[in-house]
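Here's a structure for you.
Here the chain labels run A, B, C and D in written order, and each chain numbers its own residues starting at 1.
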Amino acid sequence: MGCRVAESFARQTFMATLGATLVSVTAGEVVIELCGREDLVQQNGFLHAGVTTAVVDSACGYAALSMMPEGADVLSVEFKVNLLSPAAGSRFRAVGRVVKAGRTLTVCQGEMIALDSGKTVALMTATMISVTRP
Amino acid sequence: MGCRVAESFARQTFMATLGATLVSVTAGEVVIELCGREDLVQQNGFLHAGVTTAVVDSACGYAALSMMPEGADVLSVEFKVNLLSPAAGSRFRAVGRVVKAGRTLTVCQGEMIALDSGKTVALMTATMISVTRP
Amino acid sequence: MGCRVAESFARQTFMATLGATLVSVTAGEVVIELCGREDLVQQNGFLHAGVTTAVVDSACGYAALSMMPEGADVLSVEFKVNLLSPAAGSRFRAVGRVVKAGRTLTVCQGEMIALDSGKTVALMTATMISVTRP
Amino acid sequence: MGCRVAESFARQTFMATLGATLVSVTAGEVVIELCGREDLVQQNGFLHAGVTTAVVDSACGYAALSMMPEGADVLSVEFKVNLLSPAAGSRFRAVGRVVKAGRTLTVCQGEMIALDSGKTVALMTATMISVTRP
């Protein structure tokens, strides 16, 4: 399970571009961490909402994949993000968790935590779909 | 109006990291373009949903800002993205449009178009808030 | 196509409870209308957001069903609603439209219009799933 | 606090139309219950998603109101609902909880539980706004 997620994560070149690292994979929960960096910010110096979304989306997607049968791949159908606080800080943790695993669709919830302050800066609810690996 | 958006866009270092360019700013509509790049993809070689979200979010946010009074800044409150098709291609256009401009909150809708195929690959609905510039 | 939607709509007893009527069904677009009523309101006398959601959700679901093969039924996977203005007035029109019809999932957008003022009071984006009729 | 919510709930005539009852109000959490009824269903006899949305939206809105200063009223800005399972059963509980209370905006999460099965049938994330009572 962990290997499948790790292999797929390694193919997501955008995670490397962001400097995001896969921290843990358990059945139905995936953790990704990210360091704050000057080239990842919006106009006020906070992490851009697209960066937050990217890592929480990957955490949710891989949480879903961790519950899917061998040979499956995962794609995001849709997600909704609420930005609770400015994403300020030097280190961030994205956690994705499966809420309901179905045969076709899996619903996940995720969050982004600013580790310096301990604040949850964003919440995601996402729908993932299981597809046959291309 | 265009200058205010252009100045703020220039401070969003993440847009430069993605290679995104601000193409046009009119009252209530902003266009941002992006080239496909190998370091921006998910596990199947399509643009990562976080990249798509980043540029459509910026397009929507700046569409909202384009309608706000002088001295205002814009922050994303929340957004919802539906991923309609894999984001395949060499060039992408994000369009953000104001649907309802209020004193405090502005609702926008945006889309990401894969210019090679002409397909809309993602839709966003976003709520933006007007804040006093820090 | 219209008959299938009309038959299903007639089984949605909640539409009768609300006094909602199916106005038109074309391929990919469904219109439902509703009269304002004193027993459908929230604390300020405006239509309750749940009423608005119900009729726009049905309009979107049936727009999706109108594009599905014979023998299919439709279920809502998820939706997102932005409430743009208080739903004031005596008559309302919900319009649901298919944005992307897929084999399994269909994405729709809908709106609720207050016919007295002509204002769009709510926007919906919804994901519908095609299931075998039970 | 409880009285303010109870008074407002009593003015939501739609809650009476649904037969929904306010069960508990504590700081940041509100519970509403509802009995299944034949006039509240969709085409397969399950509770209509609009009914579920209505009661979870009211639970979230009043959870937000429970944290707001005297003289405030609450309006829903937007919400997103994921329908996890068919809403089958004779009795349902909607729980709304404040996730982040701000001066202007409050973010809530809610769920609908089918009490017969114990299943969570729907999840909501909602943004509420504090307004001066009209």
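As a convention for this text, contacts are C-beta pairs under 8 Å (C-beta built on N, C-alpha and C of every residue); 3 or more make two chains touch, one makes a residue touch a chain.
Owing to the predicted nature of the structure, the values given are computational and were not obtained by experimental measurement.
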Farthest chain (mean CA position) relative to chain B: D
A-B or B-D - the one linked by more C-beta pairs in contact: A-B
Cα-centroid distance, chain A relative to chain B, in whole angstrom: 20
Whole-Å gap between the CA centroids of chain B and chain D: 32
Contacts with 2+ other chains: residues of chain B: 77-78, 80, 82, 127
Chain A to chain C touching residues, read off their complex: 77-78, 80, 104-105, 107, 127, 129
Chain C contact footprint on chain B (complex, rising order): 80, 82, 84-85, 99-100, 107, 109, 120, 123, 125, 127
For the chain A and chain B complex, residues of the former touching the latter: 8-9, 11-14, 16-17, 38-44, 48-51, 53-55, 57-58, 73, 75-83, 86, 134
